[in-house]
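Multiple structures follow.
Next come two complexes built around chain A: one with chain B, the other with chain C.
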Partner chain A sequence: MTSTTAARTASSRVGATTLLTIVVLALAWFVGFASRLFAIVRFESIIHEFDPWFNYRATHHMVQHGFYKFLNWFDERAWYPLGRIVGGTVYPGLMVTSGLIHWILDSLNFHVHIREVCVFLAPTFSGLTAIATYLLTKELWSPGAGLFAACFIAISPGYTSRSVAGSYDNEGIAIFALQFTYYLWVKSLKTGSIMWASLCALSYFYMVSAWGGYVFIINLIPLHALALIIMGRYSSRLFVSYTSFYCLATILSMQVPFVGFQPVRTSEHMPAFGVFGLLQIVALMHYARNRITRQQFMTLFVGGLTILGALSVVVYFALVWGGYVAPFSGRFYSLWDTGYAKIHIPIIASVSEHQPTTWVSFFFDLHITAAVFPVGLWYCIKKVNDERVFIILYAVSAVYFAGVMVRLMLTLTPAVCVLAGIGFSYTFEKYLKDEETKERSSSQSGTTKDEKLYDKAAKNVKSRNANDGDESGVSSNVRTIISIILVIFLLMFVVHATYVTSNAYSHPSVVLQSSTNNGDRIIMDDFREAYHWLRENTADDARVMSWWDYGYQIAGMANRTTLVDNNTWNNSHIALVGKAMSSNESAAYEIMTELDVDYILVIFGGVIGYSGDDINKFLWMVRIAQGEHPKDIREENYFTSTGEYSTGAGASETMLNCLMYKMSYYRFGETRVGYNQAGGFDRTRGYVIGKKDITLEYIEEAYTTENWLVRIYKRKKLPNRPTVKSEEATIPIKGKKATQGKNKKGVIRPAPTASKA
Partner chain B sequence: DRVLVLGETAAVKDTHSVFLNSVKERGHELTVRAADDSQLALFKHGQLIFDHLFILAPGVQVFGGSLSPSEISKFVDAGGNVLVAAGSNIGDALREIAAEHGFEFEEAGTSVIDHHNYDQTLDSGDHTTLVVGKDQLISAELIVGNSAKLHPVLFKGIGLVAGKTNNLALSIVRASGTAYSYDPKAVRATNPSIAGSRTLLVGGLQSRNNARIVFTGSSELFSNTFFSAKTNSVNPSVQGAQSGNADFATAITRWVMKESGVLRVKTVNHHKKGETVPPVEGYFITEDVVYTIEIEELKNGKWVPFQGKDVQLEFVRIDPFVRATLKNSNGRLSVAFKLPDVLGVFKFLVDYRRVGYTHLYDVQQVSVRPLWHTQYERFIRSAYPYYASSFSMMAGLVLFSIVYLYHKDTPVKGAKVLDSEKKKN
Partner chain C sequence: MRTMVLLFFMLLAVYESAQQQTLEDKVQNLVDLTSRQSIVKFNMDKWKTLVRMQPRNYSMIVMFTALSPGVQCPICKPAYDEFMIVANSHRYTSSEGDRRKVFFGIVDYEDAPQIFQQMNLNTAPILYHFGPKLGAKKRPEQMDFQRQGFDADAIGRFVADQTEVHVRVIRPPNYTAPVVIALFVALLLGMLYMKRNSLDFLFNRTVWGFVCLAITFIFMSGQMWNHIRGPPFMITNPNTKEPSFIHGSTQFQLIAETYIVGLLYALIAIGFICVNEAADQSNSKDRKNAGKKLNPLSLLNIPTNTLAIAGLVCICVFFSFLLSVFRSKYRGYPYSFLFA
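For the complex of A and B:
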């Protein structure tokens, strides 16, 4: 009788917990979704960032023409005249995902434009990320910590920055895939089941198809396996899960055309293979240890291992030397040596999100979780088990990478959220529990019992009980205060996250906004104005030259052929465009003729004070051009005599004559920003420009937008006939030009008396 | 075609009547006017009212009517052809026209002087009436006619020089090495600004829109006097004969009026070998393609197949990947070749520039795409080891399973030893 009621209360308690969990996760999903909508609510439901325009265009193409047409899409409008094999140079996961959603909605008779699917994809996936994070944290620690982590990741600015509505980028879905793969890995490691390992490989396949960051997984999981072996935590579970994961994952990842043979041919993937081999050896050792004598074992162990180790190193270098395995790429080196990219691959260093992270941005993106995650890390180290080794390694490596590149803050955020979740959950468990009545504590033990079902680490529970004893000394007042303070911190985190999302990460790049003195919002729609002009007023096959940042936009919004774009795969082509921009007009004209350029587009922020314009990026163009054409372009020629980069009074002659300067500042000398300011005052850089009377010989202005943000120039044809300019005449041209007679009688020179006709 | 002829006075009808009649006989409609006529115009409602303009008036300072050097440049840009014949008494307007087209006339009052090649009969003692040998002509039959048969040409007038940056200039008739340009009446105080074979007697230009302009320093070149004269060069190696001026004038006007040396593209076709129309979605790499271009030449007012054998096709993506000489079979020029194993946007480019001919330029843009994922070979030989390994693996698994399931372990001595050792450890 009593047992049945107990069972019933237990089951209802389980039911209540499940309900609560579902409610919390649903709320996290909802909040995560809603907080990402600022950009859409304020502006329009369009793709707001520069890069995602290509993803959108590709998705559109796929939805229109079908998957196989997309897979074999040769885009002749990009990288003119090289063209781009889109199917083979893109991670198709994003397009396939939104295409699939579109198809499902369509077959359910919800007819949505593919654009809406693309715009809302990232916010939707943020909810899935929250759930994946919950699952991962639950496996690592407890369901409570999981809920904390899920709530953190849902609104954490570090993740929001890449997944607001309208930013249709790979990262939006990749973080979900990342977390889910890790969850499945931990699960398969804990259970040692082939099924979970296979699911993990499938999830990894999804990640590979979605984002280049998959390399992080295929290095972190082997690292985890290696750490476990070194720590003496080898088990058959590890062997089963890793070997089945590695084999399936490698084969699956090779199905993505962009990845192709990389998993077996590049150095980045070799550690995974090495660990795979090592695991076989270790397994063999374990098998052999029980079957042969100790001495035999030692001989086998030492001798075999040395020979194998030496052999594998030799084979690896032989393969690299023979060209069968590619050595580590420049991007990889730049992760270890932050100065590497600046010297060897300026194209990577030129991207602002590849710069080293400032400590401010750690706080900005993570807020309180940045402070709490070491606590979680400490708890994990203190109560280490197989799977917690994983989160430790994950956190430590992610912290390092986030320090090297701003962009990799994104991979750190999930780890921080998980660990902060653990930290908060553990602390609250400690400090709130003792104040509860006995009933509550019995429910706690109930949950720990539940936990046992899937969390086999029984010693975990024991150690927690032991810890309870340690901390019973803290007075209940202190506990209350600490709890309240922590709750306040959490509230502040929410406030901060919302504030950052609203003010920093929801500014569309496509439209600019500023505010008047009254606080009214002014929208500057220059980009779309310019692209619309291009779309309507130029020939369909017109080729537009611009710096690569704007390539995707021109292709997506203006539907015109571009020379270089954000997929920076061909450095020499970019360098050629950089050279054209930094050469003088006649040299640039030759390059532009070679490349069949019809229009040139520059972004100029001097009128409204937009700092992300081409003049500010110009030094990178020079550097990249110099990398390929060191004879023609020298960086120092573009500096003032004091070695500064300036377009103002002291600017060098090369600077004043280069195409970029001329195009940016053409007719700018006539403008006047304020009454008391001289003409040609550049608001972005805060000085009057160096040369105001700019004349263009080989190009002509075609269009300039309202706020001068986008300026489009047209390449002139060669003059129909050569003319003799007075300064280069052999015989000096004297006198004024013969004026045109207005239907008057002309004048004939009187014949000199001496000469006769 | 409609030709406007401008003389200093209407008397040009008489002094150049032979020349003008010869042009008229070729079927052109001549309008002769004085250069200072106040009714002169080249355009009417923005349309050309003349196809060609001959200026045989050296002394024009200011043109009458709406005519002006810039108007003449506009005329050229609109496709009109111009012949300018000047003289020692050159006016500013002509010098300005020359400058607008990349040439420079010498200053007024000067003449081209050659003490070794003047005509003894016609010269007045200044040594300015020159006898031009055929070696001074440009070697282009389309422009100067058959120069081997051409008699020496008489020239009297001002020097001309091509602009330094004028890379379209054609030196149709150069002065001899002993010629120089100076005022024959003045005392030589300074070096002549132009001398030797750099001095042009006749210069030509084909602008980028294929309009043709000819400048010469001598309007007498086309005069009745010179047409009918017999040459009597001071240079003993040149034999006296009937002057070649008439033949030369015919040849040069035929060229400048685009009666000769005009090419056009009739059709262009490219397709895969064995097909007839270009593929809709572009070519695939390493396909065999056939390119055909039909070129026609204007001969005696009729378009006839072009017979040139040196037309080349380039297959270009920034740099040419294929360059082949087209095989001419009665105006149908074609070539078959294999596309390179390089993808991208390519151009079939025919860029035919020959002196005397109009510029023939034809571009066909095509994209060369990679193979579809289904177009690769399904089974390749080098993959046989992998097929073998996968099948042997499957077979091995089945065998192993059978052995494992149906094999009963019989206790062996060795195993016992191992077990006992294990216990010891």
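For the complex of A and C:
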């Protein structure tokens, strides 16, 4: 009778805990979803930024034409005239996920446009990420810590930055896949079951199909296995889980077309293979140790290990040298040798999210969790076990990577949330527990202490006096105060996260927003205005030249052919566009004719003070062009005599005559901001421009948006005779001119105009 | 008169032939000079004949420098070293034809101050390119050290720009870093070997904990950014002469402020750990004996209440301080705690 009631109370307690857990997780999901909707509430349901536009376009294509057509899709509207093989150069996980959701909704007769699915995908997955984080932390520490971690990750700005509604990018679903893979790995390590390891490999497959950051997983898990072996924590559970994971994961990851044979052919994947081999040796030795004598074992151990180690190193280098295994890629080097990218790959260095991270962005993205996560790390190290080694390695490596590159803050955030969750739950567990159970034990401990410490009586009395009110160390008042203040910190985190999400991460960057003096919001829709103009007023096969940042948007919104886009796979093509932008008009005309350009699009922020415009990016165009055409483009020619970058009074002649300058500032000298300001005052740079009377010869202005943000020019067709001023062209014109002696160049006079005398 | 004319013609012929010879001679002379040393050291004579006098069909890359210790020129030596690297690479890797096209030379102020005067130079080091067609009085092309720097790659690029001879810069491997690392590893291994009977400290979790926490504090305070961008330690306002440790922009940071921030993070973490330790101590008094050895804080025998309160104060004060540092950089951030 009593046992059944006890069982019932126990089961009801379990039920209550489960219910509470589910409610908390559901709330975390809801809050995470809701806090990502700022952009939609303020603007409308649109896709943000640059890359998402491509993803959206690809998804749209897939939904229209089917998955297999998508895999074989050759996009002739990008990288004109080269085109781009899309199916083999994208991670299809994102498109497949939203396509699947769309299909399910469709078959339930719940018809939504694919755009809505794309827009809301990332917020939805943030809830799944929260759940995966809960599961991971539960395996690492305790369910309580898991709930904390789930709540943290749901609103943590470091993760929100990549997953607001409309930010339809790989990272949105990849972080879920990352966390879930880690959870399954820890689970399989704990149980040593092949089932969990296979599930882990499946989840890893999803991750591979979703994001290039999967390389982080395939290096972190072997690192974990290696650390466990070195620490002497080898077990058959490790052997089973790692070997089955590695084999399945490698085979599965090779099914993704973009990855292909990379897992066996590139150096990034070799550590995983090395650990796989090492694990076999270790397993063999564990097997042999009980079966042979100590002497034999030592010979086998030392001799075998040395030979095998040397052999594997030799084989590796032979394979690299022979070209069977690709050496590490440039992006990978730039993570370790921090000066590498700047010298060798300017196109990587030019991307703002590849810059190193200031402490401000750490604090901005993590707030209190940044301060508390070392505490969680500390306790994980203090109470280390097999799976906690994993989170330690994860945290330490992720904090390094996040320091090197801003965008890798994204991989640090989950680790921080897990560890901060552990830190908070550790404290709250201590400070919110029932008093009664502890009082009993503490009074017991008090008596035992009395007996033992008879020689330190004085101190003992003092400590007993101090703890007069409450015998259990920290008095209940202090407990309450500490708990309340910690809750205040948590509230501050919530407020901070909401503030950051609302103010910093919810701008679509397709639509700009500013405010007037009296606080009204002004929405500037110049980008869409320009793209819509292109869509409506140009020929369907018109080629639009712009800097690569806007390639995806032009393709997605204007549906026109672009020369270069954000998939920066062909540096020389980009350099050609950069060269056209930085040459004078005649030389640029030659290049544009060769490339069949019809329209040129520049972003100009001088009227409204938008700092992300092409003039500010111009130096990168010059640098990239110089990398490929050092003869024609020289960076120093674009500086003032004092070596500054300026478009103002002291700007160099080359600068004032280059195509970018002319297109940005054409007729800008006629504008006037206020009464007392001179015409042509550039609000972004804060000075009057250097040359106001700009005339265009080979191109003409086609369209300029309301706030001058986007300016579109049309390349003039050739007139009856070519009028390229050959002496101005910096491209050497091929073929010798036959101007010597009597063979003077024949000149066609302009047709005599009939004029009535 | 006739003899005079004859003499004149003879002289002219001799001169012509001499000149004709000189070009080949000059090149041969230079090739000889650079066969043993990769750069030519100029004195006034050589300077006149080899560099300033036409005809030439080769380019001279000449560095003007002052290497003697009497002249205070701290950057001359590193610039000279980089120049030597380029010259050596040219000597060993360029093709025969290229080596006859470009020669590297050096003018030291001590050897030939007249050349400095002739060129009207007051500063060193300076790198000039004397093109093959350059007349005696023309100003040669100068490399801008200010903008391009003077490392070997930049010099190589300058040479390639000017002469179309691409020198593949091969830097003699720098053995300092590997040697230092090897020594350090050897020291470490030696220490491990010496202490092989008590390797406990490798299993000491506190040590590992400190190491990991130090790494996180270092990276979270943006030391990597400092390493890559090399900002100044602090800035002194030119008007008020007031030193400022914190830069007012989110895109930039000073070394001083990263130290402050790292310290604040550490102090907050310590405060948190204190709070937890207080609770741990009160919970595990029955395991006091075991706990005493493990826990350095309990050795001080601080009453747990005090420890908890101290930890809490630590967290509150330093976190609000961190927030205010953040606010001073991120303008318009609305939230603060304790102090503005």
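The rule is short, and it goes like this: the second predicted complex is superposed on the first by the 681 of 757 C-alpha atoms of A that agree within 3 Å, B and C clash if a C-alpha of one lies under 4 Å from a C-alpha of the other, contacts with A are read in each partner's own complex, and residues count from 1 in each chain.
Keep this in mind: a residue touches a chain if its C-beta (ideal position, glycine included) is under 8 Å from a C-beta of that chain, and two chains touch if they have at least 3 such contacts.
None of these values were measured; they are calculated from a predicted model.
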Message = Touch test for A:357: chain B only (first), chain C only (second), both, or neither?
response = second
Inquiry  = Tell me the contact category for A:499 with respect to chain B and chain C: first, second, both or neither.
reply    = second
Request  = Name the contact category of A:71: first (chain B only), second (chain C only), both, or neither.
outcome  = first
Query = After lining up the shared chain so the two structures overlap, which partner does A:478 touch, if you call chain B first and chain C second: first, second, both or neither?
reply = second
Task = With the two complexes superposed on chain A, say which partner A:111 touches: chain B (first), chain C (second), both, or neither.
result = neither
Request  = Pick one for A:85: touches chain B only (first), chain C only (second), both, or neither.
outcome  = first
Inquiry  = Quick check on the complex: what are the chain B residues that touch chain A?
reply    = 8, 15, 35-40, 57-71, 73, 76-77, 87-93, 95-96, 98-109, 161, 163-169, 185, 193-194, 205, 207-209, 211, 213, 220, 282, 317-318, 343-347, 365, 367, 369-370, 372-373, 418, 421-422, 425
Remark   = Per the touch rule above, chain A residues touching chain B in the complex are 68, 71-72, 74, 76, 80-83, 85, 87-88, 257, 290-294, 541, 594-595, 717-724, 726, 728-731, 733-735, 737-752, 754-755, 757
Ask   = Within the complex, which stretch of chain C touches chain A?
value = 144, 146-148, 153, 157, 160-161, 205-206, 208-209, 212-213, 215-217, 219-225, 227-229, 250-253, 257-258, 261-262, 265-266, 268-269, 272-273, 275-276, 278-283, 285-286, 288-289, 301, 303-306, 308-309, 312, 315-316, 319, 322, 326, 329-330, 333-335, 337
Query = Contact residues on chain A for chain C in the complex?
reply = 338-339, 343, 356-364, 368, 370-375, 377-379, 381-382, 384, 392, 395-396, 399-400, 402-404, 423, 426-427, 430-431, 438, 441-442, 444-446, 448-449, 452, 459, 463, 466-467, 472-475, 478, 481-482, 485, 489, 492, 495-496, 499, 630, 636, 639, 643
